[in-house]
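Chain lettering (A, B, C and D) follows the sequence in which the chains are written, and residue indices restart at 1 in each chain.
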Amino acid sequence: MIVEGDYTFAGTREAVWEALLDPEVIAHTMPGTQEMVRVAPDRYEGRMRVGVGAITAAEFQLAVQLVDVVPPERYTMEIDGRGRFGFTRGTATVNLSPDGAGTVMRFRADMQVGGKIAAVGQRLLDSVSKMMTKQGLEALAAEVKRRLAG
Amino acid sequence: MSPRWLGERVPRLEDTKLLTGRALFTDDVDLPGMLHAAFLRSDEAHGVLRGVDVAAARARPGVVAVWTAADLGDYWKPGPLLVPPPPIAGIVFNAATQVPLAREKVRHVGEPLALVVAESRYLAEDALDDIVVDIEPLPAVMDLEAALAPGAAVVHDELGGNLAARARQTKGDWAAARARAHAVIARRFRYDRGAAAAIENRGVVAAWDARSEELTVWDTTQAPIPIRNGLAGMLGLGQSQVRVVAPFIGGGFGPKIMMFYPEEVLIPWAAMRLGRPVKWIEDRRENFYATTQERLQIHDAELAVAKDGTILGVRDRFLSDTGAYDPYGLTIPINSQCTLLGPYAVPNYDSEFTVVFTNRPIVTPVRGAGRQHGVFVMERLLDLAARELGMDRVEIRRRNFLPPDAFPHDHQILFQDFRPLVYDSGRYAEAMDQAVAAIDYERFVRVEQPKLRAAGRRVGLGIVSYIEGTGIGPYEGARVTIEPSGTVRVATGVGTQGQGHFTTFAQLVSDVLGMDPSKVQVITGDTREFGWGTGTFASRGAVVAGNAVHEAAIRVRKKVLALAGAVLDAKEDALVLECGSVHVKGAPERAIRLGDLAVKANPLRGGVTPGTEPGLEATAYFGPDRGNAANGVHALIVEVDAETCEVRILRYVVVHDCGTVINPTVVEGQVQGGVAMGIGNAFYEQLVWGENGQLMNASFMDYLLPTALDVPAVEMRHTVTPSPLNPLGAKGVGEAGAIPAAAAFAQAVEDALQGGIEVLEMPLSPNRLFELMQDGAA
Amino acid sequence: MTVQQGLAVSLTVNGSKVERTAEPRLLLSDFLRHELGLGGTHVGCEHGVCGACTVLLDGEAVRSCLLFAVQADGHAVETVEGLAANGDLHPLQAAFHETHALQCGFCTPGFLMTLVPFLREHPSPSETAIREALSGNLCRCTGYKNIVDAVALAARRLASDAPAAARA
Amino acid sequence: MKPAAFEYLRPGSVDEALELLERHGADAKPLAGGQSLVPAMNFRLAQPAVLVDLNGVADLAGIAAADGGLRIGAMTRQRAVERSAFAAERAPLLAETLPFIAHPQIRNRGTVGGSLAHADPAAELPAVMVAAQARLLLRRRGGERRVEAERFFTGLFATALEPGELLTAVELPAMAPRTGWAFAEVSRRHGDYALVGVACLVTLDGRGRCASARVALLSVGEGPVLAPSVAAALAGAAPTPEAVRAAAEEVDADVDPPSDIHASAAYRRRLARVLTRRALTRAFDRAASR
């Protein structure tokens, strides 16, 4: 499953870069994140709970490995999430480029979903990923805005 | 002994139990102290199995035992190779059979990792959630071509590659045929995977009686006798210590033949270890991974034709997906290879298949067993050739049919039964004529279709021929016994999954013994009743077991006549068997009821002379020399909504020839049901896989079985060309309905869209049709 | 979480009063089959699609795999075992037999229980209405045609029997 | 496929239900018809700790007149609405839609309120309620509020219901004179989740021009999707076939359909345009004849 798009933040590339890689920010903005710890400069681990509608919010153990990091321009995340209802894993690449006073983020995630959620929930995978992307981006934008204001 | 019941529409004798809810299905077996099993299955399609931590599951109250592969000790063994490769020159075959529980590696989603036994299924499933699995994912092998490329991930490391088999069969000289062809049609065809999806999932119940030292296993199997024999060997028991019962089975369609599923190996073992009965009933989600499937093949095929449409030759190279293991050998690709030839004279043929291991569940036959693919490829090639030559599609078929005097016709290649593919009999043009008349082909093409098209309606017709190789060996047997009550018992080794065996076998016996079928009690699928045979598959029940039943009845009749002659003091040829008794011709008062005769057949003191055999009982076996060739024509009319891409079937005609018909109602039921499955394969059912080997539709919400609104009433015609290969002249019918449906459907949809698209793949869906039409418009 | 043990359940099944205890999560289908021994109600998917488990709850066809046994407390359940009266097949059962509307017979009880209230509500249904009524039950063997014929036959019989019954 | 354990509670009144829902908070899940929830529980995708079974709450079911329109209790079975001549007269769009929902066995058990509260993007009833400008009655302990259907559905399986709040009824307003209706959907098989569905209500003015058009779609977004662009294109226009066709094309701007194994987003867009045109055509025909 490919999720891609772009989003313009009102802030410098450096500010956006810092926000994106700040575990606190990730924990705040990634939908369902319970906990996110930067266990190494290029590695995060945490827990997420994702539930939709009647589907009980299932806990995922999440690990994110950063590779190909070129501050403040681009990085790639290798994502590995496992939980009782299945797993999700894949890579997501983020590119930042200045755009006037703001910063354009281009992202492309190639995610695989497996287990029970894939087997019986395929109808909703696209919608859920769209929803989570939207929520995450909006929260991120708010966070960037808050930081710049603060 | 003129046949009175053969060919009669006898209402089924087994119905009452089924209609009133009293029939015993496997999940109806409830035994005192019974435990319930559940399997933990892999979420990953391919990976290194690092660990399965079952400590928490074992500690859960209500859980009796939890086993992983490591706990099985010597009992852990790969399953048997059920069908070895046939003796084709140059054949390559790499065997890799399924294992009871995965160890070291997982090879498909749903492969079992651990077995939990608990006081209830609910508790067993609770315990599954307690198990922690560590799998390091590997790239999943999904694409058949990529699987064979250098550097591809490998399903079975010890084989060093994903090649499961390769075999080439040829006749004549394809290259020469191609060289002199007026036209060569070449296309790539794809036929994707579906599930058998019997409404009853699989199940196994096992009980070990330590005092009698007997193991009883109720199993939703199509092949109880091989299961008994195999289990006895695995468990170190004598065959007589194991009783396998295939009770009423809620649909088979092929996957229930597959022998030694992990659950069949482990549940009896667990019952013996625990000293309590154990039940495992597959649930629907498991069924989508744990039960075998069929169909993915990719054909690159060429048809060489003369200007007048005469087939000069066919070349085919195809890839066939066997999934993660190949226990069933090459039955499916050989069926595809052979069935492609159809009812046609094909002088030159060059066909090579390559079977590929992938990280999908295991492939074994599902109703049709590879025959669909062959028919689809050949019939589509003929359609394309007709279009290219400007010929009528019926005409190109007529031109190439084997004539009635061409039999036996030797295709010079081997069939799945390892015997030469030699057609026994058939009247192919006649079947086509009947279909053309029934669907009113000329009128549709000349009048109806233009009229409807003018009104903006997109209607199209499809008409295709097929051959089904049926009734293969090795053999089946039956025992017929007249009881003192006058009831006749028939015991046979084949199991039954709804084909009406209880009735058709009774009809065969009734004619021979002169009695009403309702007085004949048929017992199938219980190894205690009959212990020799193989099973119900390849449309062979009526042919192989039917002839055995018939022969056993004839032998009993001989005994009846001999004894009655003595008792009534008459010559045997002066005796009449009728209405359950024997009387002397012209002297109805000189009679004895069969039951009374059965009592006399168990002689008391003084009644025995040397050579006396007690009982009015006989056992007979039948093994055909080779399979026979049933044939038929399917024709249908569809309407396509070009805006929504929905397709509606307006009419469906089947003309079929399965030789001698024992019970037309049962035969028509098989055909109508087969067509429903064929329509499912053509337009509704497709197993959809993510690139990582995940099945994306493991439920009846997303795997779409056709409903009463999707399947039309089939208009049926019979032609009867008896087979010379068995005394009854019967040919098989179980799979016929399913085999040509997709080919006919594709032609009809193309016809409706007036050549705007080519349908080279199955199944279609409205979404796929939308894409094809977009491409066609672009 | 506290796991509730069995709750008392009191219901009528095929006209007889039944009292049992059931864990709340026990599905009605499992309760009927394995607690009451009424194996005629079959389980094919446990997610409400196949219809094999259809029973009547207070006279209406419902999926017994989508109900908890505790929800049937105080209600009347009818299963396929209750259809034949005094050994005589129900007209629908007889019609299924005569038209060869069943092969393996696994889905059949669900079809019958769907059809009993359908024919009550639609005594002379069209073929389309019959097919619509059947569309919530999956059959893998028959291709449905003979089932459609069976329903039409049963409807005709019930219609011609009705006045006789009214006179009686 | 057996559900995980849960605690089962069966209140006898709305007040009791509200008290239980408040007491158990996020652990509790109301059980209405259960035709979506129980399958999810059998797959163990839903594992509520507490089920509050509303089936014993008698005063939640029923169909009654309200302000010239219709009031349907949340626990009213879909089948009961389907059989109600009164509902068919007051809310013909709803009546036309009901047979498209799954199968009779499901509708015998499934409730109107359960479907609305579940807010499945592929469900028919939410789209109908949005098209019909229905109001939903939400009760909590000590209070009640009415929310317009358009605002009730807030996202993917998301509604305006707050913790401890219960949907108790839905009210459909009276239809204006010269109003026509239509529901259309394409599904793989009858009763399946629709690939796309369209519910519409149109009203003609005295000159036979479109006074209002409410078109709501399903399976093309996070929830029921209202199509304002279609309405705008029709406003004041004579509903000629050309005008309807052109307006239906506008639906493209209002939808953001997902892709799944049965239908790509592009195919869903096609279906949305075709079904919108077909539904509007039928609705205008009906409006003209009333």
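Convention: a contact is a pair of C-beta atoms (placed from the backbone, for glycine too) under 8 Å apart; a residue touches a chain by one contact, two chains touch by 3 or more.
These figures come from a predicted structure and were not determined experimentally.
With contacts counted as defined, which of the two, A-B or B-C, has more C-beta pairs across the interface?
B-C
Taking each chain's centre as the mean of its CA atoms, how far is subunit A from subunit B in angstrom?
49
From the C-alpha centre of subunit C to that of subunit D, how far is it in Å?
So the centre of subunit C lies 29 Å away from the centre of subunit D.
Once you find the CA centre of subunit B and the CA centre of subunit D, what distance in Å lies between them?
44
Identify all positions of subunit C at which a residue touches two or more other chains, and write them in rising order.
23, 25, 46-47, 132, 135-136
Where in subunit A do residues touch at least two different other chains?
Counting only residues that touch two or more other chains, subunit A contributes 116, 120, 122-123.
Quick check: what residues of subunit D touch more than one other chain, meaning two or more?
1-5, 43-44, 189-191, 193, 261-262
Mind listing each pair of touching chains for me?
The set of touching chain pairs is A-B, A-D, B-C, B-D, C-D.
Subunit D touches which residues of subunit A in the complex?
Of all residues in subunit A, those touching subunit D are 52-56, 85, 116-117, 120-128, 130-131.
Would you mind writing out the residues of subunit A in touch with subunit B in their complex?
For this pair, the touching residues of subunit A are 84, 86-87, 89, 112-116, 118-120, 122-123.
Which positions of subunit B touch subunit D when the two form their complex?
121-122, 125-126, 129, 283-285, 643-646, 684, 688, 696-697, 699, 701-702, 704, 706-707, 709-710, 765-767, 770-771, 774
Given the complex with subunit C, which residues does subunit D contribute to the contact?
Going by the criterion above, the answer is residues 1-8, 10, 34-35, 38-39, 41-43, 49, 51, 53, 55, 79, 99, 102-106, 108-109, 189-191.
Spell out the residues on subunit D that touch subunit B in their complex, using ranges where they run on.
Residue positions touching the partner: 1-5, 43-44, 186, 188-193, 195, 261-264, 266-267, 270-271, 274-275.
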